[in-house]
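Each in structure tokens, the structures are laid out below.
Two complexes, one shared chain (chain A), two partners (chain B, chain C).
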Partner chain A sequence: GLRRCLISMDIHHIEEAFQEIKKTIQAKDTFQNVTILSTSETLHSIKPLDVCCMTKNLLAFYVDKVFKDHRELNPQILRKISSIANSFLYMQKALQQCQEQMQCHCRDEATNATRIIHDNYDQLEVRAAAIKSLGELDIFLAWIDKNNQGTSA
Partner chain B sequence: DGVAVLPAPQNLSVQSTNMKHLLMWSPVIVPGEIIYYFVEYQGEYESLYMSHIWIPSSWCSPTECPECDITDDITATVPYKLRVRATLGSQTSAWSTLPHPFNRNSTTLTPPVMEVTKDGFHLVIKLEDLGPQFEFLVAYWRREPGAKEHVQVVRSRGIPVHLETMEPGAAYCVKVRTFVKVIGRHSPSSQAECVKVQGETLPL
Partner chain C sequence: AVLCISGGLPKPTNITFLSINMRNILQWSPPEGLQGAEVTYTVQYFIYGQKKWLNKSECRNINRTCCDLSVETSDYEHQYYAKVRAIWETNCSKWAETGRFYPFLETQIGPPGIALTTDEKSISIVLMAPEKWKRNPEDSSLSMQQIYSNLKYNVSVYNTKSNRTWSQCVTNHTLVLGWLEPDTLYCVHVVSFVPGPPRLAQPSEKHCVRTLKDQTSALKV
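The block that comes next holds the complex of A and B.
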């Protein structure tokens, strides 16, 4: 299934890149008591059948929205975000290629969970929402690791 | 922004072997002066979504040499645009961009260097350290007609690995190739090396 699709993904390398910027990014998050990814109805309630669709939707969320809305001047941070963004772009392509041989249907559960995440995002000012979503990347990466990888790279 | 009077670096190319990527160019020569170069890159994400964004390379912003190790910058298997410009004081050249974006899946994979030894009756192999992205597929067999080939995946790097307990008087051969998961490619196999218990390494 999906694990075979993302087998060439180096999730461990993405996690390393994020760990190096996590503290700095999360320190810029001014709404600490608010979350975008981890409300109870979202990621944690996703069933195996919906993992592929949810992975696809969240990759798109980050690639099409979060990375674009974030403004970064620090070259060290910029390099790590670029590394993650380009890795997510590669994952999207790997997922797309894989979909011909594999079901990646989107049931209501995944669609609703995705909409909640977008709604949470849209309730914040765009830069604040982008920073918070970047700071919650570890939630998404842990979820991908748990659901998609047999063993981390 | 300094007036672009310096000639731009020419002949940009990337030499990539075993996932080590080196950007090279022809030096800009101004007699008696030191020229500094600035290298920047743009992954496919930046090209598609933020084309105004160019990222300073980790090690070469600036550098004096007409080459740059971009291995730490090329961290995804997508096309990367690369550009270089020269500076001398306040003078800066125009940017020169690599003619074709570079993707690490085009790296040249070479047969790995291995050292096959015996430790008593134990067949032992030691493999060069090529970095965390490499796995080694080690094939070994007893040199006799119809012998079965065994394959072992080795991920440890630079330390001896026990392959087999050999039988006295028998000869055993080993060959190895690498696999890089993030680009999904193997290297060619190395030459086979054989050892015989109580004998020297035998040429094939």
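The block that comes next holds the complex of A and C.
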């Protein structure tokens, strides 16, 4: 599962960084009736075997799309988002090694779940989609954390 | 629905969820300047990603300033919003709304159950993980440990004779404190916590126990 790939990654400092900007970011998201990560159709259905691939796909989603599409004027928030983005780049490197050691297979389940997320994103205006995805970082981080120390109920 | 002039009243204030072991209570303060007036309140809630606001029938036109939304927010891996408005005579306020509430990350973890047994120089502590809130007492129990597999406990021990306190962090549910002083009152309190984003903590009550008298010195007399 993910534990072998991300063992050195301390998710908690990323969670704390996000915690400080969460209320502000989520308050900017005015579309409460739409989600990007759609957890019940995506993250909640991911099996341990697909955790690595799903993490890799979602890190790429945030690094290549969300952080790039988001525009932020507040320097403090921008600093926190940049630190989170850098941590995601670090995690991508860690997962790259897993990829090379053939431990990060991508099956249909993870590919389909990733497509749902991208489709959700593309249905919204790009800035709204980016701010909504940022507002859902706590969901992604909680999912990584949970899958990082084994499954629980 | 009550017909009223919207915005005729100031909104309720300080609207938040108080969540302990997934028991999720919405609470708020009366609108500014209306403390003591015969104001009633109506609550609605929203499941993030769904389509519309939902009524909470037991919290329509209520006098109290809290509403138990534990049932409506029991899927702790979803996120929610709630809102409340004030009604007084023919006037009502605009809605006051919470931020996005995520029970899985925001609920406070209650203290564990604690059982202490002692002999002359040691105290055995057995911890029982707190339980998730359940609607009916006869429903099956779910331990918070089953939701948070990385649940930990911070055990603080206070020697009432030397006035010294020490703490240790444990994950398992039994621990033995050794090398203690005989015939001494020790007090223990425990806080449950989950590594991750900071969340408020609920300390346990203080449990005190006295170590037994040293039998060897008793025999010499």
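General remarks:
We take it that the second predicted complex is superposed on the first by the 145 of 153 C-alpha atoms of A that agree within 3 Å, B and C clash if a C-alpha of one lies under 4 Å from a C-alpha of the other, contacts with A are read in each partner's own complex, and residues count from 1 in each chain.
FYI, contacts are C-beta pairs under 8 Å (C-beta built on N, C-alpha and C of every residue); 3 or more make two chains touch, one makes a residue touch a chain.
Note that the structure is a prediction, hence the values are computed from the model and not measured.
By the document's definition of touching, of the two partners only chain B reaches A:89; chain C does not.
In the superposed pair of complexes, A:130 makes contact with neither chain B nor chain C.
Residues 153 of chain A lie at the contact with chain B in one complex and at the contact with chain C in the other. Contact residues on chain A toward chain C in their complex (touch as defined above): 11-12, 15-16, 18-19, 23, 26-27, 32-35, 38-40, 44, 135, 138-139, 142, 145, 149-153.
Residue ranges on chain C touching chain A, taken from their complex, read 46, 48-52, 77-79, 81, 99-100, 102, 104-105, 142, 146-150, 195-198. Listing the residues of chain B that touch chain A in their complex gives 43-46, 48-50, 53, 55-56, 58, 61, 73, 75-78, 133, 181-184. In the complex of the two chains, the chain A residues touching chain B come out as 7-10, 13, 17, 63-64, 67-68, 75, 78-79, 82-83, 85-90, 153.
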